[in-house]
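Each structure below is given as structure tokens.
Presented sequentially are two complexes of chain A, the first with chain B as partner and the second with chain C.
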Partner chain A sequence: MLVEIGHAALWLAAALAILQMVSGALALRDAPGEPSPYALYARPAAVVQALLAAVAFATLLHAFAVTDLSVKLVATNSHSMKPFLYKLTGTWGNHEGSMLLWVTVLALSGGLLAFAERRLPERTMSATLAVQGFVALGFYTFLLLSSNPFERLPGPVAEGIGLNPLLQDIGLAVHPPTLYVGYVGLSVAFSLAMGALITREVNPNFAKVMRPWVLGAWVFLTFGITAGSYWAYYELGWGGWWFWDPVENASLMPWLAATALLHSVSVLAARDALRTWTIMLGVVAFSMSMLGTFLVRSGVLTSVHAFAVDPERGTLLLVLLGLYIGGSLAIFALRASSIAEGKRFTATSREGALVVNNVMLCAILAIVLLGTLYPLLTEAFDVRVSVGPPYFNPASAIFAIPMFMVMAVGPLLRWKDDSPARIGPELALLGAIALVAVALVAFLGDYPVLPTLGLALAAALAVAALLPLKGRRLTRVPTATWGMVMAHFGVAVALFGMASESAFTQERLAAIAPGEIEEISGWTVQLESVDPVSGPNWTAMEARLSVSRDGGEPVILRPQARNFWSPAQATSESSLLTRWDGQLYAVIGDAAGVGADGKLRWQLRVWWKPFVTFIWYGGLLIAFGGVLAIVGRVQVDLRRRKAVRVGAERRDEKAALAGSRPAAPEPAE
Partner chain B sequence: MSGAQATSPRNPLNRVWVWVPLILFIGFGALAGFMLTQPKDDLVVSQMVGKPLPAFDLRPATQGLPGASADDFRDGKPRLLNIWASWCLPCIAEAPQLEALKASGVEIVGIAIRDRPEDVATFLERHGNPYSRIGADDRSEVQLELGSSGVPETFVIDGQGIIRHQHIGDIRESDVPTLLEKVREAQ
Partner chain C sequence: MTQASAPMKAKHQRMTLVVLALLAIVAAGLIAVWALRNQANYFYLPEEMAATPPQVGQPVRLGGMVQAGSLETLADGVTVSFVVTGNEASAIPVRYSGILPDLFVEGSGVVAEGSLQQDGTFLATNLLAKHDENYVPKELEGLDGHKAEQKVAETTLGL
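Presenting the complex of A and B:
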């Protein structure tokens, strides 16, 4: 019964999306400035739609929580013996459920926008809500017609098939929902950009409304990518943290576009420059998140993230993609020339540096996009290729290296116009740090070029990130500036982690019997025993490793080779030992035969990864910087609203005192 | 982009670059649309096709049927080698087709992947038993040596123990004549 309620709520939400779209669009027919009778419905429609979508998602969550095996989706993706947490996370560990999560987040953010945003001209708001309704409608159609999560089976089955064991992990509980909030936040930025473009209101006021959405989406994307990378790192047991898989790229591309957008929208808000560019990035950022959905769900690309794929769904998604991206790019092309020119600036100004880095980010985006789509292109000519790190790493570094350099300098420049000579001492300091770092790495050993450059840039960036604080009273630095400092410092930290991991990682692959010892980078690893163990829905061979560093106190690590039985799949549960300067990563493999002494030997793989954790600390710092920026902007906004209110009250009081007594006060407009 | 900003909106360059994203997108849409209409062939055929069976000797997967070994395939008679499991849903779907193949006189040897004897017995009771023998491959070792990456898969083995053909996925009704043809060719 509950499931039918959820299904009905989804249909009703779709109907309200139509109302929102039509009402918003009709309001545009009336002349600007006049309140339109049609505009009345768009906001309530968006808010109620959000509630209905939340109801739909809650009913599906309930069906998974109680393992309702009469629902097809539950029967094919869940199992009554699964731990409760993974029953819940299983709701979005499949195609239909994750698409429902997507539209729910979309409806919730649309509802929030409609409910809370009062700063824009009502006409722009109507256009924005119409676009948002149009986007939502497309996804409801997709969900209801080709991916209905509420489909019942003709009769309930005795037991469900279970969830892919790789997904039975706490990483899955947080990582996809976070990314979805990020993708969908970009949809609001997209709707706002289209609304402003349609009503020709591309100005700093609009940028200030758009900025928190972009920042919010970007924070969630950053956090989602960081969490996803860590999940892949410890759960897949390959010891790597980024694989340039199409699905990873699908999350990286919107992040790159959102990073560019976030900087460009700040320039628009502060300086009234980069108008067309901001609108264009708004469209591109959301296009990238939709493109990612299409690439992953349609099955045109082969990926390790093998979701149930279906050409019919792919076709429907491609139609949606054509409508939204094609439509918005066409409107952009037709309207862009009508956007008035923004304020001018010189190349050596903060705007100039931001533009350079925007272009660099877009170039990296193009590199990643090309690498992701290239297999699709060659396959059209019957050639199968796979594009991996040998392409992505150097190609993106070509643009990333100058970008990091400009990023170090940009925040030191003044708005509008500046001379490089003014910041000469800082430039010399940063250059010296980078050179010393290169010399130090070269002295330590013979390492590849890219990691060496990465280490040098990370050192210079870390100092550069803090330079904007120089000579300022720290208590008076605005919160948003702290956010920038934090995020830029986070980039340096993450870059240091990545470069250090690829330069200094040590690896040992051994077949050893219990009692034997393996040495790696000052660590002594002794295999004590290998024993069978069992969990709620798996059995495993668990190794007991006693590891000690430079003869210190031994610590026990327990990597497992797990066998899940429903669905049957083997996974490798790595065991990690974290120290401040790196991680010891251990994986146990199959039995490797009997040694000369008659003892059974096991495959053991151990890595020592210096400072690898800094990658994710950096990611968290970047996200935290974004949070600070949002807090700072909201603070300023609240303070300004309060000032306006207090000012208005004072004026009223003065007017009341000065005004002649018998006259009634004028009604406020 | 500072160039685009700093020039007047009437600049012809300005009018050209705004169309570039749309043109690129149309190109992508055409490519993706074309690729969606192409039949997708994701199957990776085993490198073992055309080579002799790897040596194996598996214990019986359930009571009442013998286990399977590579030597069973060397008596001059072509057979089917079916990789399956009781926990695999498509294996239920292909059970009638296996019965049909058996009825046409083809001997089918099964290899049960990561299975339990009682589950195997229940499956055979429910969906019929087309097998002459079933070996238990508890760690997918033989399956991997055969170059099989999933269940179900079916191999045509000739009388000398050479792998002649690999069928990936469940056997549909339309596949039965093809497989019979392959068995005849292997004679």
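Presenting the complex of A and C:
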């Protein structure tokens, strides 16, 4: 019964999306400035829609929680013996459920926008809500017509098929929802951009409204990618943290676009420049998150994320993709010329540096996009191609390296116009740090070019990120500036982790019998025993490794080779030992026959990855910087509102004291 | 600041920006196309590797089916050797040191990352086998039919 309520709620939400779209669009027919009778419905429609979508999602969550095996989706993706947490997260560990989550997040953010945003002119808001309703309607259609999560089976089955064991991890609770919030936040930014474009309101006021959405989306994308990378790192047991997998790229591309958008919307808000560019980036960022959804959900690319492959749905998604991207580009082409020129600036100004980095980010985006789509293209000509790190690493580095250099300098420059000579000492300092780092790495050993450059840039960037604080009273630095410093420092930290991991990783692979010892980079690894163990829905061979560093206190690691029985699949559970300067990563393999001494040997693979954790610490710092920036903006906004209110009250008092009638009412905020 | 470097005219500046952006994107596109064309040989089927072998040591991918009965673990316990076959008779011997992927079995598809050695064996640094029942490396789609034929041949030839 609950499931039917959820299904009905989803249909009602779709109907409300139509109302929201029509009401918002009709409101635009009336002349600007006049209150429109139609505009009344758009906001409530969005809010109620959000509630209905939340109800739909909650009912599906409930069906998974109690393992309702009369529901097709539960029967094909869950299992009564699965741990409770994975029953819940399994709700979105499949195509239909994850699309429902996407739509729910979309409806919730649309509802939040409609409920809370009062700063924009009503006309712009109506147009924004109309676009948002249109986007939502497309996804409701997709969900209801081709991927209904609430479909019942003719009769309940005895037991579910279960969830892919690779997904039975806490990572599934974190990674997809955060990424979706990020994707969907970009859809709100897109709707706002379209609304402003349609009603010719592209100005700093609009940028101030758009900025928190972009920042929020970007924080969630950053966090989602970071979490996903760490999940892949420990779960797949390959010791790698980024595979240039098409689906990873699908999340990286919106992030690159959102990073560019975030910086350009800040320029628009603070300096009233880059108007057209910001709108364009808004379109690109949303297009990339749509493309990401298409690539992941349509099954045109196979990848480690192939759990949701479903080719038939691809067509519908492709139509949606074409409709949104084509439509927005058409509006853009029609209205771009109507956007007034923004404020001017020179090449050597902070705006100039931001433009350079925006362009570089777009170039990297183009590189990743082409590399991701190229195999699809050649397949049309029946040529099979793999595109991997040998392409992505150097090609993106060509643009990433200049980007990092400009990023080091940009925050030191003044707005509007500056002379490079003014920051000469800082430039010399940063250059010297980079050169010393290169020399140091070259002295330490013979390492590849890219990691060496990465280490040098990371060192220079780390210092450069802190330079904007120089000569300022730290207690008086605005919160948003702390956010920027934190995020830029995070980039340096992450870059250091990546470069260090690829330059200094040590690996040891051996077949050893219990009692034998392996050595790696100062670590002593002794295989004590290998025993069978079992969990709720798996059995495993568990190795007991006693590891110690430089003869110190031994620590026990327990990597496992697991066998799940529903669905039948083997996974290897790596075991990690984290120290401040790196991670020891151990994986156990198959039995490797009997050794010379007659004892049974086991395959053991151990990595020592110096500073690998910095990759994710950096990612977290970047996301945290974004959070600080949001907090800072909200603080400033609240303070300004308070100032306006107090000012108005004072004027009223003065007017009252003067005995005259108060002046015309102050427009609120 | 001298007059010469004072802010440009707005129209002018917008044009400069657009041109700059377009140049960078076009440059990115050209670099991508150039690099991707070089990459076109990155993936090899066994028959392609036999006909036009890549340079020794060049990182490439080899995709095909693991020939049944060819998988062998060497004395060190961690190095395996096996033979990868494609749609035609060509077979490439592969050597790999490491823990085999969870679903790596004889008779199933594999994509090996690595490079061809002087002696004609393919030294793999990484094996991509299917992760779950539904996953077949994209490059290997369509090879399943061949697998069936081969199965038939194997099971009938001896009779």
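The rule is short, and it goes like this: the second predicted complex is superposed on the first by the 655 of 669 C-alpha atoms of A that agree within 3 Å, B and C clash if a C-alpha of one lies under 4 Å from a C-alpha of the other, contacts with A are read in each partner's own complex, and residues count from 1 in each chain.
Throughout what follows, contacts are C-beta pairs under 8 Å (C-beta built on N, C-alpha and C of every residue); 3 or more make two chains touch, one makes a residue touch a chain.
Everything numeric in this text was worked out from a predicted model, so none of it was measured.
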Margin query: Touch test for A:I367: chain B only (first), chain C only (second), both, or neither?
Written below: second
Notebook entry, point to check: Which holds for A:M81: it touches chain B only (first), chain C only (second), both, or neither?
Noted result: neither
Notebook entry, point to check: Looking at the overlay, what does A:L153 touch: chain B (first), chain C (second), both, or neither?
Noted result: neither
Note to self: Applying the document's definition of touch, where does A:D417 land relative to chain B and chain C: first, second, both, or neither?
What the structure shows: second
Margin query: Per the contact definition in the header, classify A:Y391: touching chain B only (first), chain C only (second), both, or neither.
Written below: second
Check: Where does A:W565 make contact in the superposed view: on chain B (first), on chain C (second), on both, or on neither?
Finding: first
Notebook entry, point to check: Which partner does A:V284 reach: the first (chain B), the second (chain C), both, or neither?
Noted result: first
Note to self: Touch test for A:W238: chain B only (first), chain C only (second), both, or neither?
What the structure shows: second
Checklist line | Partner chain in contact with A:F399 - chain B first, chain C second, else both or neither | finding: second
Margin query: By the touch definition above, which chain A residues appear in both interfaces, chain B in one complex and chain C in the other?
Written below: 276-277, 302, 341-342, 344-345, 355, 358-359, 567, 570, 590
Note to self: Can you tell me which positions in chain A touch chain B when the two form their complex?
What the structure shows: 161, 273-277, 280, 283-284, 287, 294, 298-300, 302, 311, 314-315, 318, 321-322, 325-326, 329-330, 332-333, 336-342, 344-345, 347, 351-352, 355, 358-359, 373, 376-377, 379-380, 563, 565-568, 570, 590
Note to self: Residue numbers of chain C touching chain A in their complex, please.
What the structure shows: 1, 5-11, 13-14, 17, 20-21, 24-25, 27-29, 31-33, 35-36, 39-40, 42-43, 45, 59, 61, 63, 73, 76-78, 97-100, 102-103, 111, 113, 126, 131-139, 141
Next item on the list: In the complex, go through chain B and note every residue touching chain A.
Entry: 1-2, 4-6, 8-10, 14-15, 18-19, 21-22, 25-26, 28-29, 31-36, 38, 40, 42, 85, 87, 89, 113-114, 139-140
Checklist line | Complex contacts: residues of chain A adjacent to chain C | finding: 164, 166, 237-238, 276-277, 301-302, 304, 306-307, 309, 341-342, 344-346, 348, 355, 358-360, 362-364, 366-367, 370-371, 374-375, 378, 383-388, 390-391, 394-395, 398-399, 416-417, 419, 509-511, 567, 569-572, 587-590, 592-593, 595, 601, 603, 605
